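Listed below are the structures to be examined.
What follows is chain A paired twice: with chain B in the first complex and chain C in the second.
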Partner chain A sequence: MDYEFHWNVVFQNMPQLLNGAFVTLHVSVLAMLLGIVIAILLAIAKMNNTKFFSQVATVWVEIARNTPALFQIYMAYFGLGAFGIHLSPYVAVLSALVFINAGYLTETFRGGFQSIPSTQYSASKSLGMTSIQSYRYIILPQMLRRIYHPMTNQFVWSILMSSLGILVGMSELSGTTQRLQSLSFRTLEFFIVAAVMYFIITKLVLFASSLLARRLFKGEI
Partner chain B sequence: MISVQNVHKSFGDLEVLKGVSLDVQKGEVVSVIGGSGSGKSTLLYCINAIETINSGKILVDDVDVHAKSTNKDKLRQKLGMVFQQWNSFPHMTVLENAALAPRIVKKMSKEEAMEIAKKELEHVGLGDKLDVYPTKMSGGQQQRLAIARALAMKPDYMLLDEVTSALDPELVGEVLDTLRLLAEEGMTMICVTHEMGFARDVSDRVAYFHQGVIAEIGEARQVITDPQNPLTQKFLSKVR
Partner chain C sequence: MNSLFTPLSWSDSGLILTGVWNTVIISVVAIVVGTILGLIVGFARSESNKVVNAVFGSLLDVLRSVPLIIQLILFSTFMGAAGSPLAPFVAGSIVLSLYTMAFMAEVFRGGFESVSPSMQTAARSLGMTKWQTIYHIRLPIGLRAVFPSWLGVSLSVIKDSALVSVIGYMELLRTSEQLISRTQQPLEILIGVGIFYFIISYPLSYYGRYVERKMAI
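So, the complex of A and B:
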C-alpha cells in the first residue's frame, strides 16, 4: 500500500462538512414532515370511494415506488427547468424526496389503518365514544404503533437518498464532500469521513426514535 | 325498558330481521337463542344503533333509538355491550381499558374514573390484573375485562353477543359465572347465546329466533325443556 492518508485537510474543513451535514438533516426532516402530511391525504384519497381521488393517489404511489429516486430528482431539476420552472438544487431535491416519501408512506398508512380491526371501532362506539374520540384514543394510537418502525426506516432512507443532491450541485453533505475533495485531491479521506458522518446521523436518528417510541408506547412496542 | 316494535332490517337483498317485536323490562334477563344467520346478533346491533333499521321502531326508556334527533353516542352510555370477540384495547392496560370511557365520555376526573374501573374489575375477578396488558391474558379474562369495561359506564342495560362462543371450552365457565352474578344483582340483560344451560338457569325468558322472526318466546325453563313450536323442538334437539 503506497497510499498515504492525509487527514489534516479534512479536519480543517470540518466546519464546512458539518454545515453540509446540517443541510442533509434539514432537507430530510422537511421531506419527511411534508411527506407525512401528503401521505395522510393520499391514504385517505386511496380509501375514498370517489374513483377520481383514489386514482390520483394510485398513480402517485405507483410512480413514486417504481421509478429511481435519481430520475425524480432530475425531473424536478432539469425536467421542470425545460419548462422554464427553475428550482434551486435544494428545492428540487426536497420536492423529489417529498414525492417519494409520500408515495411509500401512503401504503404504510393505508396498511396500518386497515390492520386495525373494525370491531375496535364498534367497541369504542358501544362505550358511548364519539367518532372523533374513537379515532383519537383507540384507532390512531394502535395504528401509530404499527407504522412507527416503517416510518423510521423511511426517514433513514430519505437521509441517505438526499446524497443524490450531489448530482444537481446541492451543498448537502455529499455535495460539500465532492467539492472539498476536488479542491484538495484527498478523495478517500473526505468520503470516508462523510460516510462516518452519515452513519452517525442515521444512528442518532434511530436512537432518538427508539427513545421517543419508549415514551409514546410505554415499552409495549 | 327496551321495546322492539316490528323491526325489519336488510343487508342488501338479504332480509335479516323480518318484523321482530320484543319488550324487555327493567331487571329482566332475556336470552336469545337460534341458529347462525337467524338475526339474533343483528338485533343487538340495532338496539345499540351500531346498525340502522329499515322499518319499525326501537325504544330505550321511551327514547326512539333510530330517530334522527337522538344522540346515539349518549344513548349508548345506557347500553353496555360485550362482543363475541372481546375487543379489548391492546394498547392500554386493563385498568386503562376500563377507565377510558368514564373519563372521556362521562368527563370524570382521572382518579374518579380509575376508582370506578378498579371496582368493576374487582367485581369480575380481575383485581390483580390492573396493570397487565390485555394481550397477556386468556380469552376468558379478556372477556371479563370487556364486561367490566362496559359496567364501568354504569349502564342500565347489558347487551351480550355470544360472549362465550369464541372461548376455549375450559374458559366458558368463568365468564358465565360473571354473567350469573350480574343477573343476581338485578342487571337487565339481553344475551344472545348458545349456552342452553345458561339460558335455562339464568334468564327469565328465552326467545328462539328462526329466519329473522321470533318463532317462540316464553318462560326460560319452559322454552328450553318443553318447547311448543316444532321449529324450537328441532333446533334444541340438534344442539343438545
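So, the complex of A and C:
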C-alpha cells in the first residue's frame, strides 16, 4: 500500500472537528429531550380510550419505526419544501431525529408503564396516598428503572444517526469532516479521526449513563 | 412550457424498479452473510474464555459504536487508497454484512446462553456427544428464543441499507434523490419511497411482535 498518511492537516483542523462533535452532541441531546416529551404525550394518547388519539399515536409510532432514518431526514429537508417550508439542515436533522425518537420511546414508555401491575396503584390508594403521590413514589420510580436502559440505547442511536447530517450538508461531526477532507483531500485521515471521536463520544455517554444509574438506583437494577 | 425539469413519467418506472431491486438484494446479502457470521461469532463467544471474549467483544463494540456511514466511507476510501478500489455494491455488502454480524453475534450469544446448563448435562447423560448436544439441543432451543430479536436486527438492516447510497450504490433512496433533482417533485417521490419501506417492514415487525407475545405466554 503506497498511501502516505499526513496527520498534520487533521490536527490543525482539530478545533473545527471538536466544534462539529459539539454540534453532534447538541443535536442529539435536544432530539432526545424533545423526543421524550412527545413520547410521553404519545404514550398517554395511545393508552387513551378515545379512538382518535390512540390512532394518531399508532400511526406516528409505526411510521417512525418502519421507515429508514435517512428517509425521514429527506422528508424533512426536501419533502416539506413542497409545502413551502424550507428547513435548515440542522432543523431538518433535528426534527427527523425527534420524530423517530418519539416513535421508539412511545413503545418503551408504554411497555414500562404496563409492566407495573395496576394492583400497586390500588394498594397505594388504599394506604391513603393521593393519585399524584402514588405515581411519584410507587409507579414512576419502578417504571424509570425499567425504561432506563432502552432510553440510553436510544440516545446512543441518535448520536450515531445524527451522522446522516453529512447528506444534507449539516455541520456536525460527519458534515465537518466531509467539508474538511474535501478541502485537503486527506479523506482517510479525517474519517479515521471522526470514527475515533464517535467511538469516544458513545463510550463516554455509556459511562456517564452507568454512573447516573448507580446513583439513581443504588446498584439495584 | 419549456422547463429545465421534466415531470415524473411512466418511463421512470424502470429506474425505480432497479432501485427497489438493489435495495432488496443488498439487504438480503447483508442479512444472510451477517446471520451466518453472527452465528459463528456468537457461538464462539458463548464458548470461549474471558480473554478471547474481551478481544472479540471490543472488536464488535467498535463496529457498533461508529456510525455506519463513517464505516462505509472509511472502508471504500481505504480500499481505494490501498490500490484495489471496490465496486459500490461489493464495498457496501462487506461493510453492511460486518455491521449486521456485530449485532447478530450478540443476539445469538444471548440465545446460546439462555439454554440452561442442566439441559446440556441431561443431554450428555443420555449419551449424546458434544456436537450432538450442540446440534440437537442448544441450536434449536437457543435459536427459537432469539427469533424476534433476529427479525428486529434484520429489519433495521433493511432500513440501514439506505445509507449505502453514500458510496454511490444506486439503491432506492439514491434513485429517488436523483429523480427529485430532475423532476422537482420531492413530496410524491418520497412518499412513494416511504410506502415501499413501510410495506416491507411493517408486516415483518407485526409478525415479530406476534411471535414475541406468543412466546411470552
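Operating definition for what follows: the second predicted complex is superposed on the first by the 221 of 221 C-alpha atoms of A that agree within 3 Å, B and C clash if a C-alpha of one lies under 4 Å from a C-alpha of the other, contacts with A are read in each partner's own complex, and residues count from 1 in each chain.
Operating definition for what follows: a contact is a pair of C-beta atoms (placed from the backbone, for glycine too) under 8 Å apart; a residue touches a chain by one contact, two chains touch by 3 or more.
Remember, predicted model here, so these are calculated numbers, not experimental data.
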Chain B versus chain C as contact partner of A:66, first or second or both or neither: second
Partner chain(s) touched by A:2 [first = chain B, second = chain C, both, neither]: second
Touched partner set for A:74, first chain B, second chain C, both or neither: second
Partner chain in contact with A:167 - chain B first, chain C second, else both or neither: second
Residues of chain A touched, compared between chain B and chain C (which is higher): C
Which superposed partner A:145 touches (first chain B, second chain C, both, neither): first
Which superposed partner A:122 touches (first chain B, second chain C, both, neither): first
Overlap of chain C and chain B interfaces on chain A (superposed complexes): none
For the chain A and chain C complex, residues of the former touching the latter: 1-3, 62-63, 65-71, 74-75, 78-79, 81-83, 156, 160-161, 163-164, 166-167, 174, 187-188, 191-192, 194-195, 198-199, 202-203
Touching residues on chain C, where the partner in the complex is chain A: 62, 65-71, 73-74, 77-78, 81-83, 155, 159-160, 162-163, 165-166, 173, 176-177, 180, 185-187, 190-191, 193-194, 197-198, 201-202, 205
Touching residues (chain side chain B, partner chain A) in the complex: 48, 50, 73-74, 76-77, 79-81, 83, 85, 87, 89-91, 100-101, 104-106, 133, 146, 149-150, 153
Chain B contact footprint on chain A (complex, rising order): 117, 119-120, 122-130, 133, 137-138, 141-142, 145, 217, 220
